[in-house]
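Can you read through this structure? Questions will come right after.
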């Protein structure tokens, strides 16, 4: 199987997810500045979500590039990943329009946590499809995934405590910032492993 | 004609279909856990639909890959197939938001049945475009299509009987599970037929 | 300029146009067969629109394939064409939900007429970008464009006359049927012209 | 990193942005000509937005084509650019449905201004990724970016003054008209710089 269509399909889903969030902004009924002010909470959550989705896309892009071939396990890990991603518009809209209430914020963090977990699963499937002990060791030794999950769990705890709930969103931005520059060391390993096997 | 654009167009349609279902979840008005609970039936049908659409995509991906060239018949069989697929968001939303009522569930199963039938037609068109008796025999002998239709007819019957209506959704998941791993035997045949003719 | 991205962009627009029409079906409030019956007029117009858009896509696919390179004129003729196509969901929804009323049907036909005209303009731009007298003659002699416009004008007239308004939709299907199989003669000419110039 | 997926992702976002604006036209409740008349302001703003987005797409297409490789800075400048583009449907709908009121028009112009600024940033990132003094000089000497920003600031001022508010939209169309034909001089420079380095 070639991976071109898996990438094209994923790109389509990413593009739609990141774009339709804007449809959740109801068109203001009036034409006043106050109508814009009402949108600020949703705008802020949209900014956070755009950053998170953009980071996910860049890393998915990078991960797929180093995948040698696409097998059934990778397709289904990718489907699971896109499934969790598909809830972004919904939870963004709910968190933003409720004005950062408790349950919507918790739902938001849990969705982000599930996205990270399914990303790690997808990464595992792709690493496993390469037959290279060296590579597996490098990925296993990476601390980035553990730090990500830890930051998201901290964000989840903050979501329960009203006075520090804003920290939830800061922590989620922080965990995404870790992924802004895709892991070059792993990429170099993949390259070497490709060369060795070819 | 090259098949790249047919794949790109189909991927676009698949990506939109699978993603806009989420737009059918109305944003909750309140911020309570009970608002999430109300979404559970739709969430469950969405899960089933995502699995079915994901399986369809993987098999369509696979089928297209073995197609040698694209003719008018294949384009129109593909259009018919995408037309039936395009009703997924609508019937998913109706079945989920009605809480698995009789008519919405029946509509859901019939849509899935029409999707399977149009997929089988598309497969037939692609097989026929290959000039290979051996290949046609393998496809004709395949029992998978018949089992799929039988499972969907059983699901349709269950939809009429309130106490076992939940079985409808189980049976649809079961028929999709048959297709999780695309038919490798057929694929190998296609490969051989390609080699022979080239 | 390479034409790959123009095709990808156009395919994205086509895929979205053809898919979001389904969002115009309001989810039924009840769970009765009568809720489905109410959708029949919109379903019928959707069927017509899907056939028309599908035919447009197949011909656009075919036209682009024979284009040698993409210049500014072709990009803008293509934008104009996609602009007229983008009204398909709106006019389909209006015609269907109004139950084939006079003004919505007229709006529907005029949109289809504008789509045909902008398609013919795009074709002209692509033919002109080839430097081949022979090819221009073949395209100029083609009667298909004139018959299409004539059928659409007849459909427009029928839209004004209540008792034969259903003929409007039949005539639009008929003009699309003309384009189901892309013009092979022109395609052969393009091929030859390409060979000669290369 | 290859740039194919960045283009595919951007094309998907462009295609969705340009298409979903149509969803902002509420389906008319009645079937009268007056229902269409009500849509005229939104139709006019949609026409302006389609022209602006179409021009952006053509220039993005062109800019990406001359990019040699994609690095982290380019990905994130592109994300910022798509983020500002993603507000097009919202501000188009608000400006159109409010009938060109003051605040919606101001919001519309500011969005267009932010799109231009982020486009210039993206262009800078791509120029910087090429190691060529000559090329940088050409881009630095280009007056087009300054004229664009000046026209948009003039449009912003007009938005505050009711009697000349229509000029706002004329000025925005004028600044886009500057970009209808992508900058060929820069393109030639890129080509030369590519040849020199290869």
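Order of writing sets the labels: A, B, C and D. Residues in every chain begin at 1.
Definition applied: a contact is a pair of C-beta atoms (placed from the backbone, for glycine too) under 8 Å apart; a residue touches a chain by one contact, two chains touch by 3 or more.
Because the structure is predicted, anything quoted here is derived from the model rather than measured.
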| item | value |
| --- | --- |
| Classification of the subunit B:subunit C interface as same or different, half of numbers criterion | different |
| Most distant chain from subunit D, judged by the mean position of its C-alpha atoms | B |
| Inter-centroid spacing, subunit C versus subunit A (mean Cα positions, whole Å) | 38 |
| Whole-Å gap separating subunit A and subunit B, where each centre is the average of the chain's CA atoms | 27 |
| Multi-chain contact residues (two or more partners), subunit D | 8, 12, 15-16, 20, 23 |
| Of all residues in subunit C, those that touch subunit B in their complex | 7-8, 11-12, 14-16, 18-23, 25, 27-28, 31-33, 35-36, 47, 50, 54, 57-58, 61-62, 64-65, 180-182 |
| Residue ranges of subunit D touching subunit A (in the complex, touch as defined) | 1-2, 5-6, 8-9, 12-13, 15-17, 20, 23-24, 72, 75-76, 79, 82-83, 86-87, 89-90, 93-94, 97-98, 101-104, 107 |
